[in-house]
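Structure incoming, see below.
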Amino acid sequence: MRGKAVFAIVAIGLLTWCWPGATHAGVDKEKLLKDTGVYGTFAVFKVDEDWWKLDKAARASAAAEVKAVFQKHGDTVATDTYLLRGLVEKADFFVRVHSTEMLHNQNFLVDLMGTTLGKHLVNTYTFNGITKGPNYVPSLPDDLKAALKTPPDPGPKPYAIVVPVRKDAEWWITGQDGKNAMMKEHTEATTAYLKTVKRKLYHASGLDDLDFITYFETAKLDDFNNLIIALERVKENRHNRQFGNPTLLGTIRPLDEILEILSR
Amino acid sequence: MRGKAVFAIVAIGLLTWCWPGATHAGVDKEKLLKDTGVYGTFAVFKVDEDWWKLDKAARASAAAEVKAVFQKHGDTVATDTYLLRGLVEKADFFVRVHSTEMLHNQNFLVDLMGTTLGKHLVNTYTFNGITKGPNYVPSLPDDLKAALKTPPDPGPKPYAIVVPVRKDAEWWITGQDGKNAMMKEHTEATTAYLKTVKRKLYHASGLDDLDFITYFETAKLDDFNNLIIALERVKENRHNRQFGNPTLLGTIRPLDEILEILSR
Amino acid sequence: MRGKAVFAIVAIGLLTWCWPGATHAGVDKEKLLKDTGVYGTFAVFKVDEDWWKLDKAARASAAAEVKAVFQKHGDTVATDTYLLRGLVEKADFFVRVHSTEMLHNQNFLVDLMGTTLGKHLVNTYTFNGITKGPNYVPSLPDDLKAALKTPPDPGPKPYAIVVPVRKDAEWWITGQDGKNAMMKEHTEATTAYLKTVKRKLYHASGLDDLDFITYFETAKLDDFNNLIIALERVKENRHNRQFGNPTLLGTIRPLDEILEILSR
Amino acid sequence: MRGKAVFAIVAIGLLTWCWPGATHAGVDKEKLLKDTGVYGTFAVFKVDEDWWKLDKAARASAAAEVKAVFQKHGDTVATDTYLLRGLVEKADFFVRVHSTEMLHNQNFLVDLMGTTLGKHLVNTYTFNGITKGPNYVPSLPDDLKAALKTPPDPGPKPYAIVVPVRKDAEWWITGQDGKNAMMKEHTEATTAYLKTVKRKLYHASGLDDLDFITYFETAKLDDFNNLIIALERVKENRHNRQFGNPTLLGTIRPLDEILEILSR
Amino acid sequence: MRGKAVFAIVAIGLLTWCWPGATHAGVDKEKLLKDTGVYGTFAVFKVDEDWWKLDKAARASAAAEVKAVFQKHGDTVATDTYLLRGLVEKADFFVRVHSTEMLHNQNFLVDLMGTTLGKHLVNTYTFNGITKGPNYVPSLPDDLKAALKTPPDPGPKPYAIVVPVRKDAEWWITGQDGKNAMMKEHTEATTAYLKTVKRKLYHASGLDDLDFITYFETAKLDDFNNLIIALERVKENRHNRQFGNPTLLGTIRPLDEILEILSR
């Protein structure tokens, strides 16, 4: 009961931020989130110790500056914000940025880092990737293809998890049939969680020291824990040279709420 | 003799904190510590060098602020506090937080980190996990099942040790029979220490860069050292990709005592 | 459409800096970029937090100081500048320095680090290398040799990526025939991207903790991502002990623009 | 000749500190150094950069405070002090603490870190261990057992070296006969150095991210270098997952001398 | 032409410092550089950011203090100084210290770190080693022995490179014949570079987390790069667990010049 109430509050915050109203003439975020060829940058920040020495008024005006930067770039980038503070050491929050050119992501982040708050942010991690069409789905059997169409449960999914992945050389050198077989097993392991865990994949080879950025949203962290265990049990797991390190576990929060937490 | 006296003092402090009295209408801590599906967060902190530049009065008022945060969240989270200072580099203390939603753990820690003391805390490590029912006990022979019911020796157990664990891919890919056989050997190695070493297990896959968080309490560190050696000698040890790093060795201390040490 | 406009602006900036006019009697940069036996140093910097506390006038005068150092050394070194801020954690920009003696690179960088801005720069990474003639091209079949002569598409290539590489002992101990065969496969994987991705190679063994510094320029990061995936799929990839770590993804920007960003 | 004079000076300092006179009613240090079941903590410190900004008088009074802490805990812990400055990066000195309860070690170190100097100490490394009886000696042939009774050469041994060790899973899983055979070879390699290199062993499994802490004293670092090479040549070396990292090479110095160096 | 002029200037500086004149009654440096049983310490430093906030006069007087420390210890240690700034991240310069007792090296470095400049130095790396007679030369064929007597080309060698090395357990456990064969191949690979690259070897097992410190001087970094590639191609390279990390590439510079650079 209590849990649901908590989710509802988070969800309202989320809605407020994600759909800022029909009057906003910004990028088509929903399209960016679905399209291939979209560049995603995950920029993770930790507030430095000097930030806390600013007085309340300075922090409030700094928050306004940040909001203006988000608005200014609303025509080129779509953004989501997440609170990591408390759950991940060395990180307070991260911004997920989507656009059709990596340069837009950079320009937005350069402006964000140039604000008063930005000058107090330590950029702990940054992951860059690009979205693509599914690699292995065409090779899957029909029943598995059908299962993949299961719609996620409605309702808010307040938790987000980002897991960067790097495969070993053997994975890449394995032929397409071998990879298809391993990915079939991998996909089967995920079907039990399609309703409660949403997933998005970014390809990162050459854009970062990663091959993939995997992004998840869920309301049920116990299901997510079981999903990852299921994925650890398939043979493809032998080829994960890096899986996490860092794992970013956070909650989806509107920018306003994150700024409010940093301004207290 | 002296040793016992020391333990007694620590134990009294422990009791004072853990059972704050029947009038407190907070979470049912005992239930949280036994239930499955409970989220545990281990948040490890080091006080920064500027903290020590505050004067005594500022530090005393900062301590009061911290206590208020613990009380405010007493309805949603159960907490335990541990002193690492002196025994673990880069860490002064940690808080173990339990609740039925990871969001509660985060909200408590965000508030704690937002206090005057909190703004001087470096969050060295954080581990997140979830409790579950036993995986392997059902497959154990009856005599071993019976042995596992040995109650721990009464009396205080002032030392706590946290060892994060990550298994290799081969462990996860091994079939259930193979894992059962290895866990039987593992369990046999622990029976000699059931009386003097208490243990609690958290599952962490996907919630952190770990598979398990193992937590121990003991009054006899020599027994604990022997227990770990016994566990190093079983074949399951081949599958520990990470065991410790960090190992957190500390003493259970009430919040008041930790705050007093940091306020001297 | 918009993307092209963005590129055009970047390109104009780039031209302004790279070809500072016929009246400049500096090193022959074009020759340095083509010759073998040229020493290249990649010096990566992060501005420290105190920099931002300087007032505008101080920062403007610091920028002028930096420009004077670039000019002073224009007779011995050729330089290019790149913005990493926003896309790479722990780095704001890097300078690529070319000259006929490593000592010139050092003297230039010592002067740069001795400016007011320089004293606020943290030198995050430095890579040193030397250019050489192609090792494997002579052994390639004629059609592949011909393909390698494909000129890159005209037009600006605003993105630059630097990937440091270290091979394993087995790579070096493999005989020339074995290496030729692997490099033939490697080269074949790159032909599809010769038009959209420019590449330059530096040899680093003994000059740094690397064997190679690979440098790329492109306007199409999706092609670059595919190129790296193609290279991950060839057997030579088994011998990459280090590939990236760090991968530097940035945009080519004239010094003036970088200084302007740091002076805001 | 000069070398001997230097050693004599160090030795006098050492004697002054280690045997503070018959009137001191502290722990029986000699017994602690011989007994099994004794807890040893090696706490390594680096002075921070702000320490040096204190004026001379402040530093002198800080030194007196430190001495008082050593005296206060003289009833529960035995201590030795070592200078690392100059020979080990990131460390200025370390204290070796022995007592019958790890809690005593912690309480002493908490008090030490709570002094004015302590608040300027960065705790670079801490190793915790316990002493035990010899594991392998009973299985050695009689002549080797006899050799092990060789008394060390008299005279001061001004150098101390600490090498933390972690074995691999195969070591622990190897049966007792296999370990006996490897330890016989190991022990034979050390006999040539029994006169010039003293050794003490601590068991650390579960108390730290180590299995052993090996501690050495010598006047002849060339012999010590040869001893370690001899140990690298035996098959047991295959099972050292960690050997050093860090290796602490320092000189035994009385507390007064270390405080004097830090107060200049 | 220009390159030669540069070298000449560096060389004159070098001469000034290394041979301070016949009137100096210090250690016999030439003997220390040739003898076995000599202890070498490589102490690498980075100036901290506060150093640059001192005014010119303070820095000049700090430089004089440093020179006095070098002179004071001239009876016990021989020193060389090297500029890394610009070519190695996290390091500005290093001092190579030789003496007959490690204690002398420590006492010199403690005094150096106790100066006003020293208190602003971060000790990034320290390597300790000892010189010994050649291990493998006696087993080499006569023509290779003769080749090793090739004198280096005359003229200044302004570049110095330090490469720390750690071998794997298999290297150490390999019998003398096997090592002789590998070192024969290793030595053959070096003969082409005997004229242009000078080399000195230190043994470090137990004195540091290394087995060897290899030190090189050259005027031709292209030759040095080729030498290291040649060494990567021999089978002994399979046994290098660590080779570099860090590689220190710098220029030999007299103390005065380094102090001048740091005082600008």
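List of remarks:
We just call them A, B, C, D and E in the order they show up, numbering each chain from 1.
Here is the rule we use: a residue touches a chain if its C-beta (ideal position, glycine included) is under 8 Å from a C-beta of that chain, and two chains touch if they have at least 3 such contacts.
Predicted model only: the values in this text are computed from it and were never measured.
Simply put, chain C must spin 145° to overlay its Cα atoms on chain D, rounded in steps of 5. Taking each chain's centre as the mean of its C-alpha atoms, chain A lies 48 Å from chain E. If each chain is reduced to the centroid of its CA atoms, chain A and chain B end up 29 Å from each other.
Taken as a contact graph, with one node per protein chain and an edge wherever two chains touch, the assembly forms a single closed ring in which every chain touches exactly two others. Moving round the ring of chains, first from chain A across to chain B, one meets them in the order A, B, D, E, C. The touching residues of chain C, counted against chain E in their complex, run 37, 39, 41, 43-44, 48, 50, 76, 100-110, 112-114, 119-120, 123-126, 128, 130, 167, 169-170, 172-173, 203-209, 211. Against chain A, the residues of chain C that register as touching in their complex are 2-3, 6, 10, 49, 52, 83, 85-90, 158-159, 161, 163, 221-222, 224-225, 227-229, 232-235, 237-238, 240, 244-247, 249, 251, 261, 264.
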